[in-house]
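Quick one: the structure is below, and I'll ask about it shortly.
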């Protein structure tokens, strides 16, 4: 991801460049335009599953408002003709401080699902995080995209044997880190999904990583292929883990040498406790406003979490990132990188791999330009000086 | 209302569960969706009577905004697999800190009216508070739902003999408490009702508890069945009580051994004065924004009222409670329980008893999940730690 | 305007009472409903003339927002069965702290114009303030409504002889005070009027008080009846007075023994200077947001103006008063009374005198009830205790 | 631009005056009305190019909100019958503190383009600033409008020879100052333009000042007339200048004796550094919200920039100025003058020169009236006393 001197952003040039032949971009390049097209073209159930949040969706809205509580302060005539977007998370270099966050059952928005996402990530050179609840197994994704930088996301199941098997497979599939989601040990209250009776997991979608798991399979009398309902039933018994404890997290820590990043942290004390257990990184997140309606915006908690953990601990943030300037604000508030999801999910839903690619390139271009126009040439140099509080 | 270990909320499971057969829920599970359907399906007069507030409805909107002035702070990996929703109000154990608030003349939104509500409350095991101005007598409701936990709400009439008779009947009908509404000693300024010329009481609706009252009947020359207009006329002379004083409240206190809870308190001094008179509990309320346009949000006054009364005094709150996270916020600000009304009235209007049941179960599920995801396993343990002020 | 014990507000009873026969009120009783009907039924030009404000109408919106920056705090069981709405302004007793503010050329919204307004005021017993720019002469209005409490509003013309003649006629017509508008010494920038090319004065409307004036007529070669264009021309030369000075105000002060109230004051220093010149009262006003877009809300300046003038000086406020609770808030912030205009102008436009009457009675009922529910029985007892700041 | 005593604003009189014959103004006189008509009548691409901003257009909205964070405080009976709108910027007297800001490729909204704008500016007597990227050469504009006060705006190209040639021509064409835009050294992320594949420059529009430049032409093998694509190609190599440094600005300073004003400054340190290099004036600007989405509002930075530079340094502001009261607020916060663009671009797009003229006269009238009604008779006397902070 070297950035040439002219123009500032290679991806911007590519996207604008199509206009020379009168060619419009595949997808809208504003987030709101993208979302609106998705709303118009997707089924209510698929749109609602991606767009929806918990309860009255107040936290979803506040996640966006939190970014608006900070303003960027552009600088003129900085030495920004060459920029460096690279960053390091858990000893791994990322080409940009943007990770494609984990999203389950992507087959419901596009038949190419997670494979299209991984291919787009590989094409652009950006890290993606495969969901535990993907429509496709981690092995299939790894085989299809051998050079894609990859992380694996885990909802720790309540069966330690299955957990260990998933972790071992994640290591074998070449993942650079495991992201452990802590905020979804049960299903939340999401009116849109309830309204559309949308339960893909119970129809057998999004459980591929389980049905392909040798330990999981060993617990079934018949194979999932022979008796799909029994597999779904066992999944439904194994997946929810509301009793998961800090001791369980410690056990998981002992089961892998991969970096472990916990996702879903909002309280500084929880962040500190995780680090004390040997966890390597934190994703400050409210799951995109999908868990607790009325809960605090993730970005608002970021500075306190950063302050609570030892210097150098990689703290990421998600929930509400939509534009390049959002990424810059998050970094200025202490994030090492961000996770982003809904924007590229709309891209996938509307145009498959090419849609994901455009969305990601747009986000990179926008971030690259925003950083440059704030007078900063390197991600490593971003700090709070680029921000002023909103009046 | 035991909560099984898996899934977290039994009611959530039941509601989601219908989706397995492709069955959509009877009613929208977001409040806004529910309200919108009611607006589409009800008559202007019935919708306006329930939805409307005083004046330009500024207090109604502020009641909602008051909840948004607080944010919940989720915690990870708490010991929340088992939760306890029980609470105690005036020596009575409630299965959940949610009481169905008193609403008059429910026959205007559904023919089953208060009976459907009481049956839903009995089915779910939650306390309901029958309005003094119900379409059905308290005795009929008690007979139809013998095991429903019940409170009786009283607008103290200006005739002490009628008042004493109503109180004695409330005791006899098995109510666990009497809720004395203080904020409606006369009719307020509600433009929607005026606009639709909506005066159900003067058409004889909502006065059943009077026309069935032996003392009230003894003051009529002919029975209400023989001369309905005379009964309405006497009701119109007896019901309004703008001259009611603190001495009258003291008199009422002396007339029953049931717990007395006063409803409509907003000023801490009024709360203290009531407690000094021997009142057992307080409902901080602005009557859902239906009395004084531009008045303070009830939730905003809750902490000051809690601080003003002796430790242990049960303080409830209503006016604006719509979701489970609203309930959690109210409890975190010091409420022992909440009253809720409009949500289940829409449920009643649209689907009768089954509608009320779904709304109440949804609210319980949402509250149960919100509490769990904030790391709290028991209503008794909810405190201000789950809140952060809105930025 | 005695208020009977039951129900609290006689006008509320009257308006609700119509519902008994299934009769709906003549007009919507919410301000927003009233405004919306007017928008639907009036011509663009007439609607725009009344509804419009200066520039982008930011001050108009802020006038409303200013009322929302204060919340009323209801009290229970106050001794409010009997209320007293009377107040005193410049040694005159007003039946209520509500004055119908001056509005010019009312013939443009209804053929009965100012006569209908004065008759409604007389019917209800409330003070009205006839505009200098009325469609009807002050003498005609006085003759038609001999018992109506009346004030006269003056835009001081640049010709002192005409000014003195107008003042002498106002005295002779039985006005109890003269309200001198200071904020309109020239035409402001009102896009709606410019857009509709709406210039009633230059078409001869709204200059009746000039064309009937003996001094003004003496300056014309032909009578206005013979040569209307010449009269309009002289009016256009006489009316604007951008060079008016404090000395001119002092001269006006010396020319009448009637109380003089200046209207349009926003800066405390201007209020003090007026009082120092012998002015009797102040109307804090931004002319309903019709003069300077982006200027401060009138209500926001009220406390500082009250603090700047000697104790006991009557300070009124207008600009944004729409409901009874607005009136109560203004009084709590130090106003002796309020002026109100747009609400009853819509009433006039839609239903003539009966429309004005309904709007005024509604406002009185709403104010009476709001005051009572805040535990205050008398306008004289309203103070800042009924308010809490908006959070 | 002398202002006669009656009426206050000569332009207001002219615009209102048309109403006497029932003639409506050519264009809406509210900004919002003007914008809405433009949206209705223009092509998506042309409308989007003018209306659009960076990213999700948050900065565009905040630019407007920044003006709403200040309120004007009208004063009564000031000596304002005669006003003086003149101001001085870099030793040049401006008839009003309003400059028509630089906007490129105006041919895309109206065939008369920059010539119509210059003619309107000449007609009204106001300074306009021709864009470097105009559709018409600076020489053609100067020839057509010999008496128009003119400034020239420069995007410094990366070729110093071309830069020097452009500067020399700007001097020769009678410009009174050169405005050096610093915030657009590359193309920003503007979703509307990307969406409509709108790239006028790459189609040869807006590069007239280059193709007519003798130095630029000398670098081409064939003339632009013979080989337009080659000229476009060279322009695309010459125009972007992301590596421009403070040293380059110092070099430019040494190349002309004309006043140099830098535009795009938001940080006080950048302002100070420019002044230290010998720059004569500053335009605080975020390019109308078109560069960095989420960046600080220009008006919010104005006071800090004014404080950072030596007393007497002319500091202008743009980005969000829409009305006369906006101009007054900017002056009260320390601006010597404002630049304004979108309002008159809509005027141009809809009605050519006459449209620009109306918009400019409207803005002058509104400003003149707003200043007078705040009790200030001269631009030189405007100060912070006319403002109160928004509550």
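Observations on the structure shown:
Residue numbering begins at 1 within each chain, and the chains themselves are lettered A, B, C and D in the order written.
What we mean here is this: a contact is a pair of C-beta atoms (placed from the backbone, for glycine too) under 8 Å apart; a residue touches a chain by one contact, two chains touch by 3 or more.
Fair warning: this is a prediction, and the values are worked out from it, not measured in the lab.
Among the remaining chains, none touches chain C as well as chain D.
Under half of the residue numbers found at the chain B and chain C interface occur in both copies, marking it as a different-residue contact.
Its C-alpha atoms fitted onto chain B, chain A is found rotated by 90°, rounded in steps of 5. Chain geometry summary: the mean Cα position of chain B and that of chain C are 42 Å apart. The mean-CA centres of chain B and chain D are about 60 angstrom from one another, to the nearest whole unit. Among all residues of chain A, none touch two or more other chains. Applying the touch definition to every pair of chains gives A-B, A-D, B-C, C-D. Put simply, chain C touches chain B in their complex at residues 5-9, 12, 15-16, 18-20, 22-25, 28-33, 67-68, 70-77, 79-81, 322-326, 328-329, 362, 365-366, 369-370, 372-374, 388, 390-391. The touching residues of chain B, counted against chain C in their complex, run 55-58, 62, 66, 69, 182-183, 186-189, 191-192, 194-199, 202, 237, 240, 242-246, 248-249, 262, 264-267, 270, 286, 291-297, 300.
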